[in-house]
Every structure is written in structure tokens, then in C-alpha cells.
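Each of the two complexes below includes chain A, the first together with chain B, the second together with chain C.
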Partner chain A sequence: MVTEAKTKEGMKIPIGPIHPALEEPLHFTFTVDGERVIGVDFRLGYNHRGIEKLMESKDFNQCNYLAEHICGICSYTHSCCYVQNAEKIGNVEVPPRAQYIRTVIAEMERIHSHLLWAGIAGEEIGHKSLFMYAWKARELIMDSLEEVTGNRVNHGINRVGGVRYPIESGHVGHLVGRLTELYKRIDYLEKVFLKDPIIERRVAGVGVLTKDEARKLCAVGPTARASGVDIDVRRDDPYFAYGELDFDVILWDGGDVLGRTAVRILELKESVKIIEQALRQMPAGPYKNDDWKIPKGEAVSRTEAPRGEDFHYMRTGGSNKPTRYKIRTPTIANIPPTQAMFKEEQIADIPIIIASIDPCIGCMDRVSFIDERGTSRYVSFKELRMMKK
Partner chain B sequence: MQIYEFAGISVLLVLLSFLVGILFQGIQRKLVARFQHRIGPPVFQPLYDILKLLSKETIIPRSSVKPVFVIAPFVALAAMVTAVLLVPVAGITFWGFTGDVIVLLYVFVLASIGIIVGASASGSPFSAVGASREITLLISLKLPLSIAVLSAAFIAKSFSIGAIAQNNTYLLLVGALAYFLCMLGELGRAPFHVSEAETEIVEGVYTEYSGRLLAAYKIAESFRFYALPMLFAALFLPIPDIGAPGMLVLQLGFAFIAVVVSAVVEAVSARFKIQHVSGFYLKGVLALALIQMAIALLVPKAV
Partner chain C sequence: MKSEKKKGSRKPVEFELAGADELNGKIGELLAGEARLSAITGSDTGERIEMLYHFELPGRFLTLRVPLDRKAPSIETITGLIPGAVLMEREIVEMLGVEVRNHPRPVNTFIADDYRGPPPLRKTDSKPQTPGA
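Right after this comes the complex of A and B.
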């Protein structure tokens, strides 16, 4: 169709910062020729909240609370990274029971995050029923999270030196029952996502990221594993109780959206296994250690968040506050690989490709990127007021 | 005197068919919701939406071609009203004349063109993509649809919709399937909701429309929900001559079943890509329609 927007080089289609395919603000400009994507440009920085700076003004207990609020979905993994840093600097001994409890909560969070993703993926390819089914299954694990920790999303169960409360024996029974039911539903979702002919047409061979590109562009988590890059912090650099548990790292060769879907769905099953194992092997004993003091020092820690490797750095100066805190969330590592995925794909594939890396913009924006070509400019508050008049 | 009666009955027919269309639309949404474990909107939600839109401000984008942008929704609406008047009810076409089946096919095309032209005139890239998809849909879908309808005409040996509707035959089942699949695409429901694919191109063809202009499109859509299933029941399914009330109930019943099946299809499917849609229609459904055409041309002579 001929419209004013169409130029010789192709039509520019803006996706975001406000668009039905995106849950959070992120901007892509696609250059398209008909239905085919011939170029892509992205812009971040709409959601910069200054958390790193804010960390420097809070004491060590408040920082834990703030770290948990970096993200709204993978909140627990940030809290884990933070307490690991504090424990490393302070040489705090963490009781093994606390480590097991942390492992259980972290895996429960992975289940809820992956199921949330499965629903979104369904919606992006126009399958509303799948969205409803995945989110209904997710409610099972959300109920358990609420029961065990007291909260659905920001659990607030971590503390430096252990956890706030143990998992009560009654809650363990409920959790195991729900996991059995959940396993059946995951089986069903696996069948739908990997066997349904229409879904297969939408995801197989779409948004391919080769192994080389995945390495070169530093993809992490399920995005990398779906391209055959064998990385998983849980196995490569065991933290909490992961070293004592037996689980597989799911790999897939294709590097397409189907692969990223399959990796996540199969990881759900592994997570169920990990939780069941951890609950069985959980030792008795204390679950917290309040005897700690954090001296001057620095530490880095990483955890395997649902979206990939989460990385935190902390430096302390001997006071009750960190002097520098640095966060690198998995999404920021997974955004550049999308540019390789969009090559020669169609407009219809854009939403599912963006969704396939499971972007979490809220926790990603650390810095605002400035346009090097100088086409954007800053507007001062004074100018804004002038414009208003 | 007769002209007033004629006009009065026509207005009544349009209003009633609008309500039936709303009801079909609402029931379809409700059913899909129940399949998805949702409560779903009230059955009359499509009507509430239209009433709300009628009272809202209409925004005309600066980049649009204003006259075309404003007229296009009413072209689509007028085409659908014409179609509704040509749809046989209980075997009677109120506005019928010889050759009306050809007019009906053109009127459906005109309704689609009303959408395409309006979207192209709105100056939004999302609408432009939506319009190009709607064109592809139009080209790939109208061919099997027309062939299916015309084979019904050949079997009835008449180009008048009334005569086709009164002709009861079991020879049209292949064509019925072809028509039903085309109907799903015409109604813009999953898996064929490509031209207003929300997560891809916002509202697609309707992106820039608001207020009364959008309401005109929505009303046309409700008419479509009446016309296509009712036509399906009348042309392709055998409705025995058991008196007007009985035939009306039977026709509404068949149309209702078609709506229920379309809800099931919508609940279990993802969205096709546009090349899948055209492939589906120009390979699978077109083959069905051609088989039906062959049956229509060969079988009656053999009998």
C-alpha cells in the first residue's frame, strides 16, 4: 500500500515504547519491505530508576529489600545475588538448611517465571487460550510461594546469613501435591508447544541465532542454551545447594524460537525435580545466622536467573552501607542477539522474537544510551515549561 | 402505500439482523471465554461497545486523507447493509431479483474494500501493513468463496438467492466446508485474524479509527456476523419446507452451530502468518471449492 510513511528504502515501523506486544517500555524501529524486515534499530533507557545510586544510601538490611525490588518477576534472584555478596565480604557462615530453602524458592521462582513466559509467548502468536492455560498453571506455584514465603512476588524471605523463616512441614506437603499437579500441566503445555501444527509454523526456524552468534553477542541463559551454548551458573559455579543436587542442563541445537520455547518448557520439569530433591534432602538445624558484620571489601556474585546469568558487584567501605553497587541483569546481555535474530524475518515474527528472549526491561535499564549520531537531544525542565505554555 | 410497507419491513429486517449479529458475536466471545476458563464479557458487550463508541470523540489524524478516511467506514457499512437485505430469511429473499447472488458476492468485496481504503488513507504504518494483509486475504479468500457459492447456484440452476435457498440438496457438503472455512477468514477470527493482529500491528486496519467512524466499522462487523452464518445455513444446508417459522428457527439454529464451531476453532488455534493464510485458501480451500464445482457440473447430468 502506498502511504506517506513509505519511502524508497522501505517503511519504518515503530514498535514501542508503547505497543501491545511489549509489556514494558522498549523501542525498536523496524525498516520493512512489505512484510519482510530489512533493518532494525533499538533504543533503551525508558525505565532507568537509579537503583545503583539508591543502594549507596541504604544500610545492608534495607539494600536486601531494595535488591528484591529490582525486578518484578525474577525478584528473588537479585536478592540472592545481594546476600551472597554481603556474605562473601563479611565471611558469614550460612547454615546448610538455609541454603536448601533458598534453592527451593529460587527454583519455584524459575517455574513461575517460565510459565509466565509461556503464556506471553502464546499471546504473541495470537493464541489466547494458551495464555490462559499457562497462567492458570502458574497460579499453583504462586499459591505455594505465598504459602511458603508470605508473598506472591517479592518474597522477602532472604536475609544476610540465612532466611527469615523455615519451610513448615505442612507447607511442604501442599507444595509437593501442587508440584505433582503442575508436572501434568507442564506435560500438556509441552505437548501443545512442541506438537501443535499452527504453533510449529509460527516458531520453527524463526529468529535463528547460531551458536557462533550466541557466543559472539554474549547471549546468556535459555537464549544461549537454545543455540547449543552449554552455560548454566547453577552447574558451572554452584551456589546455594545446587552442588549437592542432581539435575540436567537443557540444551537445544536449532537456535530458533522453537528451541528457546523447548528449553524453557523442559527446564520447568528440571525445576520440579530440583525442588522435590531439595525438599527430600533438606537438613535439619538452624536456618539463620545473625552474627555478622560487614567490613571493608568487595565481591562479585552470580546466580542463574530464569532469564540467564545475573551478576552483582558490591564494594563496601566499612560503614553500614555499600559504597558502590553494580548490577548486570540477563536481559541486557540478551538484547543485542535479537538484532541477529530479526534478520530476514517478517513483521508477524517480530513480537514472538522479542518475547523469545523473555525481556525484562524493568530490571534491565541501568544507563541511558545516548544517540551517537546526534539526532536526539536533551530537553531541560525550563524548555519543557516553555513548551507547555 | 406499498413503497412505505417495503421500506418499513426493510428497516425492521436490518434492525433485527443487527441484533442477531450482536448476539452471535457476543455468544462467540462468551464461548471462547468459557473454553479459556474465563467468565467472559456479557453477551451484549459488542452492542455496549458500539453505543460507547457512538458517544466518543472522533479523532482524524493529520496525516490522513480526510475525505477518504471519513467516507470509507460508511462504504463498508452500506455494503454490509445491502448484503443483509439480500440474505434469504426462511427461504425468502425480500429484496430478491434474478442475478442477486452475483451482486451479493460483489457487495462482500466492496465491504472489504471499504476497510482497505480507509486503512490506507489513515497514514499510519500499522494500518498500511494491515491493509496490505487485508488485500492478500481478500484475493485469496474471495475466490474459493465465490466458487463455492456459484456451484450452489449451478446445482439450483438459478442465479437468484431465493431459488438457491429453496433448493434442498445434499450435494453441497464439500462446498459447505469450503464456505465455512472462508467464513472464518471473513469474520476475522483466529487463526485468520491477521489484518488486525493486535500484538503485531496494534489494531491493524482500525488503528487510527475512533469514535463514530470506528462504530461504523463495528456495526458493519456485527452485520457480517449475521450475514455470513445465515447465508451458510440458507445456501448450503438443506432446510425442508416446513412453513416460515419452522424454517427460520432451523436456519438460525444452523447459523448458531456455525458460530459455535467457529468459537471452538478460535479457542484452539494460534494466528497464522499471512503467507500461511493465502497458502491455506489458495491450495486447500480452493481445491475443495473446485471439487464442489466439478460435482455441481457433473452430477446433476448423471442423475
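Right after this comes the complex of A and C.
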């Protein structure tokens, strides 16, 4: 923690919010002794967009779209959390067909997010061709997402009480075909990531998070499961159609970067399995229910986002807007565990360890400088512009 | 490897009122029963500040609701029991102006150091002021 970094002597290296080795806009200050990391501190909120506050000024339909724009990768999971909250407070009955469609889209999103991550992980360890292979495979699912929902990333298919349109039979055929092809490519990626000796030597034993640390530091999702913490909202608190589908939760016991990679790669296969089952078992019937009104009340809802448990809380006061909306994204839960992962690691391992939790955070507003006398100061955007001149 | 845990059913969501002074004791009891902290919500209802501690337990999803005085909201940290709550509490300190006593992280993490104005998520009519804006 902060105090630890201060008590030990060492050189401080600031990384982020803009840095060639770190695409995500978060700031880390590493205290290093030679090549060894002995302390780490972080700073967030570089582009805090005030979405929770903004939610209070939007009506229940607009909130759905806003929720979907929280993230640019796992956008659908936030929209799912929101509609579940609204449906719980309004006691809205959702047709089973809609629940199956939501399950299919949610799993398609997991596939595209995990493949995106696999590409970035490849790039971070200097394996550029792996990055290309993973992203090429990802295009298969992106094409299907565009075909089924009309959009590649922010799908806009959810609505309170159901979905906006069903999956057409022609699109189902295309999707099944692409999933068969995708399965082969996942097999290949599995072989490369888990059996290639070069990758294994690069990531095995790096950034270890023990089971006890993962529990205490409230890790979620693949980060927790790779440390052997057996949690998955889809199985423990089955929402949508997950209760009726058969799938496995993947665990790993090493808690290292290799484990987090393995969990994600093997989860891809489970997602393919879930989509295929959901398409087979999808009931006929209505896919939306427009008869709803949201009274005064409060609700919490959770989904298993690609990065872990996503949590939303909503309180309403009887008007057409929420009075309080709280979002706890999985990345916020996974930031404190990184401090345990960095301990005693090498500087060269920093990028892959950060990438291994699959962080997903907003943008920057200013830069931190640490001068050679050891005192740090923050520079405002105005000063930064002056320096540029 | 695959988990051998069996599929559960939908967990009922429960809310329970707790006093600020008995919070850590209650959380200690919950942790003994395999509770996992899911999130902490801070909320300004207009009359009081509410802290909501959301826990996942076997068989239910429990929220401890702790009402605080709106004029001087203050509560003891729970990071002694759950170190992972550090950012969740920090967010509430900065966004709602709640004093979290003995919090291990005394520095701003989410909002800018030069932000001058009321805590952003408080219900208020006055607009926040940023220097130079």
C-alpha cells in the first residue's frame, strides 16, 4: 500500500496514465530496488465521467442506453444489470425467450472480450503474431454480433421487459457455423497459450496472487478463479437462462499470469457450449413485455461480466428516474489485488501483470511528476500545455 | 480444472438495518459464515446518508444498511476485516464526503486534488466549482 512504498528506500517509476507499456489510463507509481518491484501505489479517476450522477437525470429508458455506454468492451453486461434492477423493482415478467436471447448475447460478448484480451496478452509478451491470430478469431464473433444485434460493440438490444428483437433463424445458422470455426481456433489458441514452452516460461509463476490474498482483497472473475476462488455469478446466483444450461466453471490453482490466461482461454470453450445449448433450447413465444411501471423501491443486481462480477444498485422514488444508481465494475474490485501481484516481480513483468487482470478504466486529466529529489507533485493540464510551448 | 460446486438457485436479496458502532462486529460474524463483500454503496437520501454493505453469502445476498447523520457522517473503516474494501470506502469518502475513520488510504484516488466544491454525489443545489473553469 502507500505507506509501504514510502517506508522502503528505492527509486520511483511512474507508469501511466499515458505510457507505451500501458494502454489503460490508470497511473501506477512503482518503487523499485534495481529491477525488483518493492512497492506500488496507484491513482484512478482520470476520466471519471460521473455516470452515476447522470443516471439520476435520465428516465428509465434512457438509463438503459447510458448503462450500456459505461464500458466499450463489456457494454452489454452493464445493460443487463440495469434491466434486471428495473425489472425487479417493477416486478416485470420477462418472457423466457428474451432471457435466452440475453444469455446468448452475454456469452458472445464474453467470447469477444476474452479473445480481445488474448490478443493484448500476446502483444504484451512480445508475441505479435499471436495478437493477430486472436483478433482474427475475434472477428468471427464480432460479425455475428453485428448480424444479430445490428451493432458490433454497444449492441442496444436490451430493453426493460425483454429484448428489442429476436434472433432471426438465418442468423442462427450463420452463428452456429461461425462457432464451429471459432472452436477450432480456440483449440489452436489453447495449444499455443498453454503448451508453448516459450510462453510458459514467460508467464508461469509471474504475478502470483494466492487464494488467501484473492479472497481478502475481494478479487472477482477470472482473476479470482485463477487463484482457486470458486465464484461465478452465473452458477451461484443463476440469472437469465443460466439456471437451465449446462456448463463448467473453470478454476486454476497457481494464481499466476499463466493461470489467468488458462482460465480465460478455457472459458471460451464453455461460452461456445452455452451459446449452442441456448440456441437449441430457445423457446418460442413473445420476446418483450411492454407493460411495466417502476414504483418506489430499491434493488441490487449482479451479472458475471467477462472481467468478473458486475454489481449495480438502483433506488427509485416513484418518478420516472432513479434517485440513486451505484455501479461497481469488476476492474475496481481487481485493482487492490494487483498490489499483491507486483510484489518482488521484475520491472519487465509489469505490463503483462497489469494486462493479466484485463483492466478497463476511463481516461486521463493530468500527469504526475516525480523529480530527482524524491518529492512528487502534480501538474495541471494548463501547466502541461505551457510546457509544450 | 473444472469446479465441482453444484449450480445454485437465485439468491433472495435481503436488507438488514445495522448501527454504525455494531457494524464491524456484524461483519465479523458474516465473514465466519463464508461471506464475501461484493460492493459498498453510499447514498444520500436527502435526509440522511446511508452506507450499504453488500455481501454474498451461501444461499442469500445480504445488504447491511447503516444510516448516518447527514451533517457529520462518520463511520469506522472495515478494511481491518476486509482489506479489499479500501477502494470502495475511498470512493465514498470522496464522492459523498463521509468520514471513514482509520482508513488506510488518506490520499485522493478518484477525484482531482484541485477539485473545490461539495462532494459530487451529495444532493445539493449548488454547482461544483473547479479552479480556472
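Just so we're on the same page, the second predicted complex is superposed on the first by the 354 of 389 C-alpha atoms of A that agree within 3 Å, B and C clash if a C-alpha of one lies under 4 Å from a C-alpha of the other, contacts with A are read in each partner's own complex, and residues count from 1 in each chain.
As a convention for this text, a contact is a pair of C-beta atoms (placed from the backbone, for glycine too) under 8 Å apart; a residue touches a chain by one contact, two chains touch by 3 or more.
Here the structure is a predicted model, which is why all the values come from computation and not from measurement.
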item	value
Fit or clash - chain C, chain B, common chain A	fit
Partner chain in contact with A:10 - chain B first, chain C second, else both or neither	neither
Touching partner for A:156 - first (chain B), second (chain C), both, neither	neither
Comparison of chain B and chain C by chain A residues contacted	C
Which superposed partner A:21 touches (first chain B, second chain C, both, neither)	first
First (chain B), second (chain C), both or neither touched by A:198	first
Which of chain B and chain C A:128 touches, first, second, both or neither	first
Chain B versus chain C as contact partner of A:311, first or second or both or neither	second
Gap in Å between nearest CA atoms once chain C and chain B share a frame through chain A	24
Overlap of the chain B and chain C footprints on chain A, listed as residue numbers	1-3
Chain C residues touching chain A - in the complex, by the definition given at the top	1-3, 5, 7-11, 13, 15, 36-39, 41-45, 52, 54, 56, 61, 63, 82-88, 91, 95, 104-107, 109-114, 120-121, 132
Complex contacts: residues of chain A adjacent to chain B	1-6, 11-14, 19-21, 32, 34-35, 122-130, 132-133, 136, 196, 198-199, 201-202, 346-351
Residue ranges of chain A in contact with chain C within the complex	1-3, 42-45, 48, 50, 52-53, 88, 215-219, 230-232, 235-239, 243, 248-253, 298-300, 302, 309, 311, 313, 315, 323-324, 326, 328, 332-333, 335-337, 365-366, 378, 380, 382
Chain A-touching residues of chain B, taken from the complex the two chains share	32, 35-38, 63, 116, 119-120, 123-129, 131-133, 135, 190-191, 193-194, 197-202, 267-276
